[in-house]
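These are the structures in question, set out in turn.
Look at the two complexes coming up: chain A is in both, with chain B in one and chain C in the other.
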Partner chain A sequence: MIGAPVAIPLALAAVAGLAAVPFVVDAYYLALAISLLQFTVLSTAWGLFSGPTRYISLATAAFFGIGAYTVAVLGELLPWPLVLAIAGIIGVLTAAVVGFSTLRLSGVYFVIFTFGLAELIRQLVVWYEVNKSRVLGRYVFADITQTDIYWQLLALAVVTFVIGWAIARSRLGFALRIIGEDETVAQHCGINTTVAKVALFTVSATIMTIAGAIMAPRWTYIEPSIAFNAMISFQVVIMALLGGAHRLWGPVLGAIPMTLLFEFLSARFPSTFTIIMGVVFLLIVYALPRGVIGLLQRLANRPTKRSEAIS
Partner chain B sequence: MTNAILTGLMLGGMYALVAMGLTLQYGVARIMNLSYGEFLVAAAFAAHWLFTAWALSPFVGLAFVIPVSFGVSYAIYRILLTPLVRRAPNRDALEVDSILATFGLMFVVQGILLTVFGGAYYSYSFLAVPITVLGETLALNRMVALALAVIAGSALYLALTRTRIGTAIRAVAVDPSSARLVAIDVTQMSALAFALGGAMVAAAGVLVSMFLTFSATTGVVFTMKALIVVVMGGIGNLLGCLIAGLALGLSEALVATYVDPGLTLAVNYALFLGVLLIKPAGLFGRAQR
Partner chain C sequence: MSGARSTTPILETKALTRAFGGLVAVDHLDLSVHPGEIVGLLGPNGSGKTTALNLISGLLRPDSGAIRFDGYDIAGAAAYRIARLGIARTFQLVRVLDGMTCLDNVKAGLAFHHPPLPHGEIETRARTLLQRVGLERHVQRAVSQMTYIDRKRLELARALALAPKLLLLDEWLAGLNPSELQTGISLIRSLKDDGLPILLVEHVMDAIRSLCDRCVVMNSGRKIAEGTVHDVLADPAVIEAYLGAPAHA
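Presenting the complex of A and B:
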């Protein structure tokens, strides 16, 4: 591992380099860079919670959609930073409610609940829009350019990594690793497992919500079925798994190749896209159960066998 | 009121039937099958195809679809899922792996359906005759589907409680490692239970296709409802399945009639969470661990 004195300047240089991207590339590559950053943020946020606890969350689309739809409703009424803040707050509240009602149960119930959460929230939004506000589908007229989206996402990505780094070094992160290993043991150690899980779930979900809010101006027209697209949950899980969710840097290693692959496949094979994605997903589950990171660790530590025992 | 209750009971009977296959797959084979609804929709499409292209009634369709689905499910368990069962060190690990694998499978099946049939909604008209029950008008095809569902459910129940293989399957559901001690081939029985679940879901798909419109992407809804019913009733418990299915159907019909049809999913979830917060193992489930 590289020590902090080298790693911090390196990270700063990388961020500065990435921040300069909009000045040197054309619109197509900027759009691609935005997709890359979006999935980096989402899959890293997913890994923050699901990596250490091993609870599979299929609710990414729900939170992403909440963020996007908040912008669709409030985007014209309030200044942009305030809209982002409100989206974040709604994300915190939703995640806390979902977390407190499902995370005290066993992991399977959580999966079942998150599996349908996007659909549930979509139905509630449609119901509200049809019956109360009587608008279904909204136009987003926020004055935000592609470059702005890119920089905001980059900032969010930096924040996500800093949060992940800080959590891993805190008591909370340690508690979560114990929960991931054995929840009963964790309870016997005196860890309040529910609070720890809900706290982390909320952090992860809030990042996803803000990512959705930032991405919203990319569509000019948003309706519930666009905002709450289940495909996003799927893509994020596949990316995080490919990279390896049990390390902070894992999901990025999956997000980058996968985004490029999605981009390529959806352009070349639009009709069979879903089948190919499903097959790729199955291949990853079978061939790389611990992701690219797990593979690298195994190769690096082959003689000692120590990493297997620890991770 | 009578109408809402009758509709609810029919809907509930359908949910119970849909969930029975999943309770076998999850309760016995320990595979939480997220692609379950996709197989239901695939069976519905098969029934539609047999009906429109070959003029075969869904009853005849059942005779084709059920064995095929049994075979396909058996093959899926043997080829796709057995490696995961072998790899998993404990039940939790298998659960995570099976969730992920069937999640991938869900997109494969959905993708195949989308490629073959496109994204449009399908339905066909079969026995769409009004009949009068207790002074309320109901569609004959729904009643017939419900009757067949009751027959299928009873047959499954008798097979599980009255036959030797059924007893072995229930033993695996209770405790796989002890079942091995009394010379039950757990892998074989799990594969059989998974395949039986596949046969049940195919039957449900054919019956549902008689009166519901469906598209390549509606499978997720069936998976959701089946999961909710299975967990609410207590995993692996057929009777619990029936009660939970009826409760879900009734609550949905009542809310759709008296509050708003757009809120049915919210009611499902509220009921689901309510039951779980009071009885975490489900209505008829035994507490595990």
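Presenting the complex of A and C:
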């Protein structure tokens, strides 16, 4: 572990370096950088909740889509910061309602529910648009450039890491680790497990919602099937599992290589892309059950074990 | 310990009932534990002892009946509320947090007190508790590498970390070798000497004889006997429950 006096200046320097990226790269690489940041934010936010609790959530697309659709509806009516704030509030409310109604479920029931959630919200939006507003598909009018999107995502990524760092050191973080180990024991230690899980689910989902809102201006035209694309839920799970969801820094280690890989595969093999993705998913689960970060820890632990044996 | 009977019980169940489908696992059970006493809950396998503990600790909800603990009606309350009110337990199949160190396991029982303990005190108390159960040499040990008895000790330390007013032990002494058993019995007796009332489900007769002030015997969910260890073990209904009906022609 690097001590805080070294880590904080290093982190600040890294953020400053990343903030300068739009000045030095062309439009293609800026777009790639946006993808990288988007998946970094989403998979880290996913890991905030699913890492300690070990609940596999496929609801990423639901919250990302809520954020994007909020922008599509309100983008030209209100100032941009207000739009983001409203998206965040809708995210908090939805996550709290969904959390309280579903986090009593566990295992595969939870996975299926979260998968259904994105579809449910998409169908609700379609129903509303067809029957009430009578528009299916909206143009996104917001005066936001690619560079703006990049900087906002970078800021959101920093916020996500700071929140994750703070939670890991809090009583809430400790409670969630215990829940992840054994929920019954957690309850018998006096932990209100429902409140703890809903609190973290809400934090994680709100970050995803804001990420969706920030990303919306990247499309000029949004319809429910674009905003609530289930693919994004699976991509985020794969990335976080590849990196290792049980550590705050784990999902990034999966998000970066996977985003680059998806970019490469979808350009080279557009028609067979999803099949290849499925195979990659299988390989990850079999070969790296504890992710890249688990592999790094195993490698790092080898010399210490030897030194223990000597002493 | 007959003097203890005159006080108000710390725990009292009245007509406690819970069924699983057609099987009535606990059937109108009346049970009480008074301050400072150790009550043994005995009975053949499947007689409903663990279910009774699960109802008291909030892991299961009763279908009917009342549970009064320290002046509160806790029947059907959430497990975390019951834990905060002061009931701690161990489990028949040991439950420790395998991915954590010994110290963190005990801290799990200390970190969620109401009101919260100061941070420094959590650390000190955790070390004291590990010492009390004889694990002071294993503070930073990974729990997954520990032996069975040490895991049991750790689970007890975590239960004690709640600073309970009542301790439920579910076959905590099962599976220990003779010398470990003596250590275990004296550890439980030392808890009683500190004034902690204990309700223990146990099969080990040595432990029951040397620890319990009073016993309640269950069979098929019902209470079939209650009294001193000597009396209940001589009770014909108890003998029949354990050994089957005498072979009358």
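Criterion: the second predicted complex is superposed on the first by the 301 of 311 C-alpha atoms of A that agree within 3 Å, B and C clash if a C-alpha of one lies under 4 Å from a C-alpha of the other, contacts with A are read in each partner's own complex, and residues count from 1 in each chain.
Simple rule for what comes next: a contact is a pair of C-beta atoms (placed from the backbone, for glycine too) under 8 Å apart; a residue touches a chain by one contact, two chains touch by 3 or more.
This is a predicted model, so every value here is computed, not measured.
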Joint occupancy of chain A by chain B and chain C, clash or fit: fit
Which of chain B and chain C A:Ala166 touches, first, second, both or neither: neither
First, second, both or neither for A:Ala20, with chain B first and chain C second: neither
Per-residue contact with chain A, leading partner among chain C and chain B: B
Chain B versus chain C as contact partner of A:Gly190, first or second or both or neither: second
First (chain B), second (chain C), both or neither touched by A:Ile89: neither
Partner chain in contact with A:Val135 - chain B first, chain C second, else both or neither: neither
Which of chain B and chain C A:Ala7 touches, first, second, both or neither: neither
Superposed model, angle subtended at chain A by chain C and chain B (C-alpha, nearest 10 degrees): 70
Which superposed partner A:Arg177 touches (first chain B, second chain C, both, neither): second
Gap in Å between nearest CA atoms once chain C and chain B share a frame through chain A: 8
Residues of chain A that lie at the interface with chain B and also at the interface with chain C: 184
Chain A to chain B touching residues, read off their complex: 54, 56, 58, 101-102, 105-109, 111-113, 115-116, 119-120, 123-124, 126-127, 130-131, 184, 230, 234, 237, 241, 271-279, 281-282, 285-286, 289
Chain B residues within the chain A interface of the complex: 32, 34, 80, 83-84, 87, 92, 95-97, 99-101, 103-112, 114-115, 220-221, 223-224, 227-228, 231, 260, 262-263, 265-266, 269, 272-273, 276-277, 280, 289
Contacting residues of chain A [partner chain C, same complex]: 171, 174-175, 177-178, 180-182, 184-193
Sites on chain C touched by chain A in the complex: 57-59, 78-80, 83-84, 88-89, 91, 95-100, 107-109, 111-114, 116, 158, 162
